[in-house]
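I have placed the structure first, in the form of structure tokens, so that the comments after it can refer back to it.
Letters A, B, C and D mark the chains as written, and numbering starts fresh at 1 in each.
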Amino acid sequence: MTAMAVPLGWYLGLAAALFVIGLVGVLVRRSLIVMFMSIELMLNSVNLTLVAFSRFHGTLDGQVMAFFVMVVAAAEVTVGLAIIVNLFRLKASSDADDVDVLKA
Amino acid sequence: MTTTIATYTGVYGMPEAGSAIDLAWLIPVVPAVSAAVLLLIGKRLGRYAAHVAILAIGFSAVASTIAFTELLALPEEARSVISPVATWLEVGDFEVAWSILIDPLAAVMLLLVTWVGLLIHVYSIGYMEGDERYSRFFAYLNLFAASMLVLVLGDSFLTLFVGWELVGLSSYLLIGFWFEKRAYATAAKKAFVVNRIGDVGFMIAMFLVFSATGSLAFAEVLPMAPEIASGTAVAIGLLLLVAAAGKSAQIPLFVWLPDAMAGPTPVSALIHAATMVTAGVYLVARVSPIYATVPGVGLTVAWIGVATALLAALIACTQNDIKKILAYSTVSQLGYMFIGVGLGAQVAGVFHLLTHGFFKALLFLAAGSVMHAMADETNPWKMGGLRKVMPITFATSLLGWLAIAGLPPFSGFFSKEEILVAALDPPGAQGIWVIGTIVAGLTAFYMSRWFFLIFLGPKRYEQELPGVHPHESPPSMTLPLVLLAVGSAAGGLLNATPASLLRFWDPETSFLSSFLAPSVVPYYGDTPFIPHVPAVAIVTAVAVAGVAAAWALYLREGVDHVALRERLGGFYQLSYQRFYVDELYEATLERGGRGLANAFTTFDRVVVDGAVNGIGRGVAGLATVGRRVQTGYVRSYALAVAAGTVLLAAIFLGGLLNGQG
Amino acid sequence: MTEIPILTLLIVIPAVFAGLIGLMSAESRESIRAVALVGTLVTFGASLAILPGFAVGEPGFQLVESAPWIPAWGVTYLVGVDGVSLLLVLLTTFIMPLVVLAAWDHEAGAKGFFASLLGLQAAMVGVFVALDLILFYVFFEVMLVPMYALIGIWGGANRRYAAVKFFLYTLVGGLLMLVAILYLYFAAGAQSFAYEAILGVELSTTEQTWLFLAFFAAFAIKVPLFPVHTWLPDAHTEAPTVGSVILAAVLLKIGGYGFLRFSLPYFPEASTTLAPPILVLAIVGILYGALVAMMQSDIKKLVAYSSVAHLGFVVLGIFALDVTASAGAVVQMVNHGITTGALFLLIGFMYDRTHSRVIADYSGLMKATPVFGGLFLVTAMSSVALPGLNGFVGEFPILLGTFQTYPWAAIAAVFGVILAALYLLWAYQRMFHGPIEGRAEGMTDLNAREIGVMAPLVILMVAIGLYPQPLYERVTPTVEAIVIGVEEAGVATEEPGDLSVEAAAEEDSQ
Amino acid sequence: MTPLLAQTEAASGSAEFWVFIVIGAVALGSALSMVLLRNAVHAALMLVVNFFAIAVLYATLDAQFLAVAQIIVYAGAIVVLFLFVLMLLGVAGDQAFTGRIAGQKTTAVLLGLALFGVLAAGVAAPFLGEGTACNVPVEQRVDAEGPLCEGLAVANADGNVRGVGFLIFTDYVWPFEVTSVLLVVAAIGAIVLGKRREDPGELTDAPASAVPALRDDDDDEAASDEDAAEPAAAGASEDDEEGTR
């Protein structure tokens, strides 16, 4: 494979776009689970940047970082969903706006 | 042409040890101590409280007389004696000491205050008998005597001021002696506050004197009088006039004296006739060197005096309260004294002060004796024909009436004439002589009305009224009456020349003029009498006319007073309602003051306190705004986080870009 | 005498006794108040012991004791007295035994009550003797706590509001002062907070003005001066009798003391330039305070506003920058302590009997309770500055001195004398004169204890009124040094329309 | 010309370019649709598509291990978990977009665009990758001694997996161990959270009946939830005080 056929900037641009879509997803959607998925998307976009830089720099550190991100993401999902389930037990709804106990 | 007799020496000597003058500080201290004793343990003394008080005032009287004789013995120019007692106030460059100044003016006042005081103390035994606060009355009388003596013996403006205010306090206590009645308590407060207004004038004058001369002691200030800048001297003169007007009830501040009749009659006699009210006249006389430098101010004093005399005389003609008539008569006679001291004829002023002290005290005590017998009835129309029932009171009142009416040869004639004669020469004072003469006529009229309605004429009281048992007062009351009557009759000799009654004013030979000379500065000078015989004759004629008018109105039968009042109409009402002066003050000062006070109170509560609480509420309001940010929705928090990130990224990137760019 | 750290003793003794009371069991009320009385008397005795050691004509600080406290920051425990603070310390130690006696029948929480009283005394004496700025600030703030407790716990109906208002007002002022103190500390090279160390520091006029205003904020609230006075009436109406007495007798003096101790010597130019506006504030305080007092229906609020008026005179005296006026101001501070303290004690005795402070509820008290009426009249007359009593010997020199430098101020202020007579006598007349009605019926006259409390105060009123020299001898040298210090350092105060014929020896060469 | 444009013409020829364009579009499309689709399950499926796209991109970036890991971990485990929970809670129903917070949507979109603008500016910045061998136009990448910018050739010399594994167990061994602990903790956490409470009463303020048959059907504890607050699921008003606050 020729080195860097596609310039680094593009990958970063794509990752940025994905990240932004994830962010908007979190802010816009009311269902907790979809929000959660958007978070996963954001994490993935970060991984993409890491990997892109890894190739760009010619070292594998980026990829290892991405790997660890994946592990953490997995842990996060398990706990996150457990919370969502509990929340559902409590409020019988997974709508983020129903949970406003902390309202001042 | 103005001739001045013995010039004002301004020399103040020291008394030799052990003489009465040296121990003169005891004169005010003994009554003060006795007042304290009576206040503390008076109740237990019961009847003997009066004796303690009389002993104390008696001591002062005797001591004053001895001091007077010692002063007479001194050579004429060495008659001003200062004996320091102790330092009082020494602050920075301001220094005042407790010390006694005895000079002819003070000596004369001493005699008046102590002897008249003694007589009135004796009179009070009978009058105040059976009162539940008997001992406290005598305590207050002694306190008053002590204060007046401090005033008279004060050697500096400040010590005089101490006496000045303490006299105000004792008059407050005595006017409000029967404080159960609210009206009497209000009268007492009114007297104190009006005096206080005068005192403010006194204090500002003292500030001016101190900043001009660096001291307040008469011994230092009076000799320096000519050097004081004329502007300051005018200010001092006017301010002292305000003070004197407050104390001696002259035009703007006279409203308190008629109400002060709420006090027991001996109080009215002592304080509101003979002694306290004359303090203003004494002050102006004492400060004559300063007034001498600005004669114009003296003229203002005189005009205030004559205006007050006229106003008071007009009011007195229609009052139906024997004490109120005397009160207005006092205000009027004080006006005369102010004419005297104002026009530089201090001797005439002081002379009238003395004679007035005698006959006015006499008239008040006589009124007291009448009220005592008539169950405190004060309306003359419910009396009449008391001649037969109260012979001594009648006889003494007769002398008093003749004296005050200014008929020769009684004391009132001499002193009043001297004042009016003094008004003939000074430029612009002729008007004063004219009004003075009219007032003399009015005085004769209302005093005759007073005398006729009470003693002569038909009996207008029912015998059976409870408590009305007209009889002569006990000797303890009539004895003072007799002594005062002698004083009123013979008072004229004080300043009359023995040579002949007609040429009765010869400055060199008449006793009082020569005696008082060293301590006063007569700037208009005493003109010899001779050219003024016609003027004196006119005044006497007017006085006689006044008496005749009163006789015609009140002693002849068949005078329909009711019709008379309608015809007089407005004038009568105006005079009877006291020219609505009280109502005027009430509307302007009291309501204005109360309104202002209310405005400030609400201002204080609403604005100042409001601001403070406002700040408190403001902070609380801020908190609620802060609270609203916490919506409770996780997504709004997420939004906030996102916004923060974008901001940070922008800043970070900006930094990088222009760093690299 | 200087070996025994007498001034420190004056602070320590009350504190120790307060601790002692703290340890005692709450029930034994009698022994608690006995210990409190002994504590205050011992302190008073100790304070009298200062007098022989105190050189009368000496303007500087005497009996100075110092010990390192926080060396790292240059904070030393430095105490000393001069003419001004001596008088105020004596006033504090003199009033306290009377206060304890007056609170003899206090039941609720006697232990906390008397402990706070003694703690308050320790702090008050501390404030007057502290010569280290931080020590002064510490005592200035510590003093608030017991006072807050007195008002907040043993106070009247809405005591919480009054206590918090009092606390916050003074605290805010104090904080501004702290900022100024720190600025001064660094301006003086950050070595020490001692009074002398900071005295000579060079400050530009703008610096001086700002620092002056910071100190002014703290002290003006304490005085209290016109715009910042509204905490006083609330504090007085809600405080227990004893709290009011201490508040009036001592706490209000710290403002005046502060002006003389810190504002004038440290910031001469600022004091001179800012004197006229402050005088205007003082005059407004005098006239406004009197007028508002007239309209009060609660006698305690009336006396509180009268305090605003009286202390207006004190500030007038201080900022007239004239020796006579300032000396008069210090003596007037002591007089006000005695007179208004006595007034509050009397109102307290009345309140103990009838539980009402509304003037309209009473009538004919003079007839019902002659002794009470007599004492009230004497105190009222002293408050109205009747010559022969202590009020006059303080007020007259103030007005006289102020007239020398600012004639317009003196003339405007002197009318306060009329208003004072008006509101006090009007209240006196409504309560004491007239027939016996309302709560005056069946009211018992003062008992021996109460008369015992009032006796020393009345004797002092007459004694100072007739012979105030012992006070003036000690105050004048110190005040003279301060005022001349301000004149020399400040722009020469031109004589406004000097009326004196021969120079009234303004700058008499000392 | 900015370096970015230069790179595009140069790279347009290679296969990687086309792969990038297609897969990138797929990734973006799936991401967008995941966010926009009302039905949560459809969104989950779209997420899967996205993960696959990214996996392919990893492959083109010589990160073969990660590509596979991505497919197994993300696409395989996480999304399945999502679907599992979705089915469990039965909330797959299309949810209204109208959130209760005013102006949330528009602000969110604006913020997103702003963030994208900033990131794009950062990415396009000329300096990025300056001076490194690979950031030059293609023709300069090879000079005399051979290809300067050899990308991951050396690192992946004996295979990406071996390279990554080597690195993990040498430089990153500590993070590796820590993350393993993390995973264990996460697992335990999930179990604890998932356990059924003894007395759901004091926890839940929703009426017992409203809670779907989550509980094990064997124990028939009487969910005596006395304060039968109105079902929380109903669109409670903005500032309504929730149940037993």
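Everything below uses one rule, namely that a contact is a pair of C-beta atoms (placed from the backbone, for glycine too) under 8 Å apart; a residue touches a chain by one contact, two chains touch by 3 or more.
This structure is a prediction, so every number in the text was calculated from the model and none was measured.
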Among all chain pairs, the one with the most C-beta contacts: A-D
Central chain (by mean CA position): C
Taking each chain's centre as the mean position of its Cα atoms, how many Å separate subunit A from subunit C? 70
Separation of the C-alpha centres, subunit B versus subunit C, in whole Å, is 37
Could you please state the distance in Å, as a whole number, between where the Cα atoms of subunit B are centred and where those of subunit D are centred? 103
So the centre of each chain is just the mean of its C-alpha atoms; given that, what is the distance between subunit A and subunit D in Å? 3
What positions in subunit B touch 2 or more of the other chains? 631, 633, 635, 639, 642
The positions of subunit A in contact with two or more other chains are 23, 27, 30, 96-97, 100-101, 103
Once you draw an edge for every pair of touching chains, what topology comes out, line, ring, star, complete or other? other
Going by the touch definition at the top, which pairs of chains touch each other? A-B, A-D, B-C, B-D
Complex contact set, residues of subunit B against subunit A: 627-635, 638-639, 642
Can you tell me which positions in subunit A touch subunit B when the two form their complex? 23, 26-27, 30, 35, 96-97, 99-104
In their shared complex, subunit A is touched by residues of subunit D numbered 3-4, 7-8, 11, 14-17, 20, 24, 27-28, 31-32, 34-35, 40, 43-44, 47, 50-51, 54, 57-58, 60-63, 65-66, 69-70, 73-74, 77-79, 81-82, 85-86, 88-89, 91, 95-97, 99-101, 104-105, 107-109, 111-113, 115-116, 119-120, 123-124, 128-129, 132, 134-135, 138, 141, 147, 149-156, 160, 163-164, 167-168, 171-172, 175-176, 179, 182-183, 185-187, 189-190, 193-194, 200, 203-206, 210-212, 214, 231-233, 236, 239, 242, 245
In their shared complex, at which residues does subunit D touch subunit B? 99-101, 104, 107-108, 111-112, 114-115, 118-119, 121-122, 125, 127
Quick one: in the complex, what on subunit B touches subunit C? 39, 86-94, 158, 161-162, 165-166, 169, 172, 176, 179-182, 184-186, 188-189, 192-193, 196-197, 199-200, 203-204, 206-208, 210-214, 224, 227-229, 232, 593-594, 596-598, 600-601, 604, 608-609, 612
